[in-house]
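So, here's a batch of structures to check.
The same chain A turns up in both complexes below, where it pairs with chain B and then with chain C.
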Partner chain A sequence: MNKAIKQYVQVAPYLALGFIMTCIFVLYPLIKGVYISFFEYKVINPSQSLFLGWANYIKVFHDPIIYIALRNTLLFALVTVPLQWAFGILVAMVINLQFIRFKVFFRLVYYLPVISSWIVVSYLFQFLFADGSSGVVNYLLVDFFHLRDEPIAWLQNTWSANIVIWLLSVWKGVGWVMIMYLAALQSVPRSLYEAAAIDGAKGARTFIHITLPLMRPMTVYVLINLIIGAFQAFIQVFLITKGGPLDSTHLLNTYMFKHAFQYFDFGYAAAISVMLGLLIFIFTYSQQRTFGKDRIEY
Partner chain B sequence: MRITKRWLPKLLLVLLIATVFLAACGNNEGNTPAAEEKPVAAPVDKKEVEPAPAAEPPKPVTVEFWHAFGEGEEKVLLEEVIPKFNEQYPHITIQGTRMPTENLDQQVITAAAGGAVPDVMRMDNTWVPRMAKEGVLQAVDNFADFNKVVADSFDGPMATNYYNGNYYGVPLDTNTKIAIYSKELLAEAGATEAPKTIDELVSLARKLKENGKFGITIGGPDFWNMPPWFWTLGGTITDDKYTVATGHLNSEASIKALETIVSWNDEGLLAPPILGGQPGTWEGLRGEEGKPASYMMINDGPWFFSILGDAVKDTMIPAKMPSGPDGKSHSIIGGQDMVFFNGAKQPEAAWTFTQFMLSEEIQVLMAIKTGAIPTNKNAAQADALKDVYYLDEYVAEMETAMARTPSPNANQIGDVFGKAFEKALRKDATPKEALDQAATEIDALLK
Partner chain C sequence: MRKLMPWVAHLVLVLGIVVVVGPFVYMILTSLTSDNFSLPNPTKLLNSEKSLDNYFEAWNKNHFSQYFLNSLFIAVITMVLSLSLASMTAYAFARFPFPGKEFMFRMFLFSMFVPAILNIIPQFTIIKSLGLVDTYSGLILLYISTGVVGSTFFLRGFFERIPAELEESIVMDGGNRWTIFRSIYIPLSLPAIGTLGIFAFSGTWDEFIVALTLIKTESNRTLPIALQLFRGQYATYYGLFFAASTMALLPIIIIFIIFQKQFVNPNLSEGGVKG
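Moving on to the complex of A and B:
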């Protein structure tokens, strides 16, 4: 007992440091955010803030653009998470094949978007998909491949603008999934594949029956991170479409930002962010429950 | 090492002596004119100034000044305005910071929340009520000689500083937008001079359409680009007191104005920028690399001429906007105010600087060099302005120009307005539906 306390005292400073940091940078902002959501909040003179009760939350449910933003946020997750995951694992498998040469080169190429700045690649996509014939993509479609007669106003229509945003997000995310799986693939014992080969299993079957099940912990980790990332997407929409046309490509995040920093309606923005936080919690928590429990033993 | 050790003390000594001498020289040069002149600085806070004998040199102060001047304007500020200011007030150093225009309002709020505000800022005049409401700004009604500034300034720009019974700034410059025509395309449409009425403009646009070019360019459906056309065509946004939109924004005349604009778009008379298309207004008017000009006219401010300078002097015609049903054109008033922050360290010196910026001399200088229209009445009448070939048209347009709805919710109101017009143009709603809904939403924002 005495020894336990002594040990505890010894590690306490280290624990305390982390705990204090968490309090300052995570817990305090979290609680303050919830607090702000009940006020018409004045950032400059918080003492003049007006208590509104649940009014901001009621407004959330009556705001038509919230539903558009929610739709876009969910669609964003539904589209980009599976695509990033599928392409990521595919690329990882292909790069991992024995006969593929220049592995480092391919890893670099696919990982490059991940380490590039969001701002840079967002502007890049904005130029690629510029309206009229001045955009590279329109040039290719119309003047080069003659697939269309008229250039597409990519960013002026809800769905074409969303496609641009999804494409960017998938392209930028694939490399991260690939690296994760490449690492996980190293841990699969070669003997399992050899045994399967002797039993006559080939490519696709070994993938489904050996690789995927053994990758399970990694898959859970990757999916949860991708989903959280999808709900937190912001910069690509903020920079490429600014939520337009007609507020139809807003994500919950960009819509919240607009209320906070363009309208200075911090209370309403905080209410939106609390709701978004709850949404992320529900999604990821249920996932943790469904496939977080099993452990694999070789 | 040894050499360094031996030399170092001597070098330091020499440097020290040099610094003392240079500093002394600097001080002498700086202080002499100040001492000779009247009691320096604007004695705003009289309690502080009175006990001190007038001859005592004032303490050197630094004024933090934020602005979003363009490159050319900043050059005039740094190379001409501030040196002139320092001749009169050598003890006040102006520390100007050129801010990016993108997301500037957020930066201001963040700075205010964090207590890192400048003393004075040149701010877009539509922001002033909003910033005043947030408690970012000081009321200026009690500043020394404030009434003189009010008397010297035009009423419209002055009014942009008013919020809830007080003034929160003073107008520095103002502007409006006129029609700018390309001589070449005007000739292609069969005209030698700018059209006087909207009807004339539309018939020119129809002729140009046959050549695949555009006669009318509206920069977008937003609160800055659309109102000049909407107002000129007879539309209104609110009552004169800016209290209600219903009955004005969705009045018959307003609906008709929007219907006209939508019909132009349907007919293919409006250039692509109306819905965010390319090329942009300036590129379309002047032609881009390898592409000829395709827009006959745009609607823009004096910066078009001051930025492009000689490149457009002989190819473009500045003209008043074509007039609408009431025989007049109604363009939009823009401009910048000088505002003072709560928590400013040197409000008195900042006010002195601001008074200087509003003086006739500097207002005329800025007008000639940058095309900024003076807010000082005397400066606007100055003979020197006649030499700037494009300013006449702007000053004339100002007479019938109108201001955007001043409100702490100006941003939301602008968004609602822009969305209504975009919806109608994109056929998501009829003009009447769009304006009815917008009027209701703006009513709520005006309360």
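Moving on to the complex of A and C:
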């Protein structure tokens, strides 16, 4: 027991501040969020909040828009995660090829969307996909490539609006996947490829049998981050469609935000938030257990 | 076939660049043309006269310059303070034995899996009870606290890779833990800390929801809010809005170009944060 106290005294100067701040501003709000989800919560006067039991959760299952938001959230993950991953790894592999010149330049340019502000690029895409012939994308489709006769009202329809949101998210995320894989690829010893070449392995086979297995820890890490990012996506929908038209492009996250800050129904919003947290936990659980244990030795 | 490959590969990269950079080119071209009362189409963009008028006008309008400097101030302070705090916390997890360490770390990690947006209500209540609503101290405190977990996660792995034998020379010279931390762990992890710095800066620079909830006084607002105001008030002054947007992107791009050589990936075995 004495030893434990001594250890705590030693570590305290380094740990205490970070630990206390995390407890107050991250862990406490988390627990409080779960607590709020059982109430009809009054922000102005919390003591007058009404205990509802499971009512908010029952309401979640009877809310038709929840199912639309759930569908959009799942589709968003299903579309953006594989696309970001595939394009990201493709760009990384190509840049990593021996004969490619200006590697630093390519890396920088592909990373630009990642460091750009979400607000700027969300509004930028809103303009690019503007209705009528004034939007650049419509201009290209109709007047330039003649692929369509009529301009598309991108943001007025559920599916075309969803496509805009997906495109933006993939466009912004590819560079991050690329930079992760570039770093990982650089740590693969060249001798492995030379050995494979001597054994007669060619491009695609080398990629499938050597590169991909060696990248496994990175792939797990990248996929977990992409999945969490997809389920927590918020700002692009919030800024571009605000969930419209007719609440049909909401993600669980934006729908929750609407209930909290537009209807001030914090209890219900908290219940949605808890359900979303559970969903993320389920989808990443199998990876989480190996996460942190996977090390590769060459 | 062998000679063709480099051509194909370069072509793929250049085509990709067109998709990646296209929107930015459109933004910059629009910001350089004035008298746009409808969205300009590409023909008009390429042929019209270019000037920097929109930039001067946007900078002086709507307290934009004020908000820009506010954001710069907040982002720099947040970056410095959160890097200091994160490296200390990460050092504690990397090099000190204490009971319950791994449990505590797991608990930290778990909080990253939960959607953060709703936390803002309890966070607001706490900031209010501290009397820090509508102050930069409150805003910065919240930014730092919510960033500790991710940054600690990111740095811990780097610290653990540094061989413990390096500490011996310091111990022989009579140095304590603080000297070891300052003269070994910090200098050897500078690339990682630099990367984290970029994440911290750009995260704060771009932050929107918390700033909107916490800051009430008009002159204290931050850049993302200014951009949203521009979008609302000057909805059809496209050039003006895009000039403001371009100026908002510049600091991050400059910082990234300066630090990009040091840019590293997070330690896989311990994970990191998504930028």
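One rule holds in what follows: the second predicted complex is superposed on the first by the 283 of 298 C-alpha atoms of A that agree within 3 Å, B and C clash if a C-alpha of one lies under 4 Å from a C-alpha of the other, contacts with A are read in each partner's own complex, and residues count from 1 in each chain.
By our rule, a residue touches a chain if its C-beta (ideal position, glycine included) is under 8 Å from a C-beta of that chain, and two chains touch if they have at least 3 such contacts.
All values reported here derive from a predicted model rather than from experimental measurement.
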item: First (chain B), second (chain C), both or neither touched by A:221; value: second
item: Touching partner for A:8 - first (chain B), second (chain C), both, neither; value: second
item: Partner chain(s) touched by A:262 [first = chain B, second = chain C, both, neither]; value: first
item: Which superposed partner A:184 touches (first chain B, second chain C, both, neither); value: second
item: Chain B versus chain C as contact partner of A:114, first or second or both or neither; value: second
item: Chain B versus chain C as contact partner of A:281, first or second or both or neither; value: second
item: Touched chain A residues, chain B compared with chain C; value: C
item: Touching both chain C and chain B, counted on chain A across the two superposed complexes; value: 43, 130, 134
item: List of chain C residues in touch with chain A within their complex; value: 5-6, 9-10, 12-13, 16-17, 19-21, 23-24, 26-27, 38-42, 85-86, 88-89, 91-93, 96-99, 104, 107-108, 111-123, 125-126, 141-142, 144-146, 148-149, 152, 177-178, 181, 198, 202, 205-206, 208, 224, 227-228, 231, 238, 241-242, 245, 248-249, 252-253, 256-257, 260, 263-266, 268-272, 274-275
item: Contact set on chain A toward chain B in their complex; value: 42-45, 48, 130-132, 134, 153, 155-156, 244-247, 261-264
item: Touching residues (chain side chain B, partner chain A) in the complex; value: 103, 105-106, 109, 112-113, 130, 134-136, 272, 275-279, 342, 409, 411-412, 419, 422-423, 426, 428
item: Residue ranges of chain A touching chain C (in the complex, touch as defined); value: 4, 7-8, 10-11, 13-15, 17-19, 21-22, 24-30, 32-33, 36, 43, 46, 90-91, 94-95, 97, 99-101, 104, 106-121, 123-125, 127-128, 130, 133-136, 139-140, 143-144, 171, 174-176, 179-180, 183-184, 217-218, 221, 225, 228-229, 231-232, 234-235, 253, 256-257, 260, 266, 269-270, 273, 276-277, 280-281, 284, 291-295
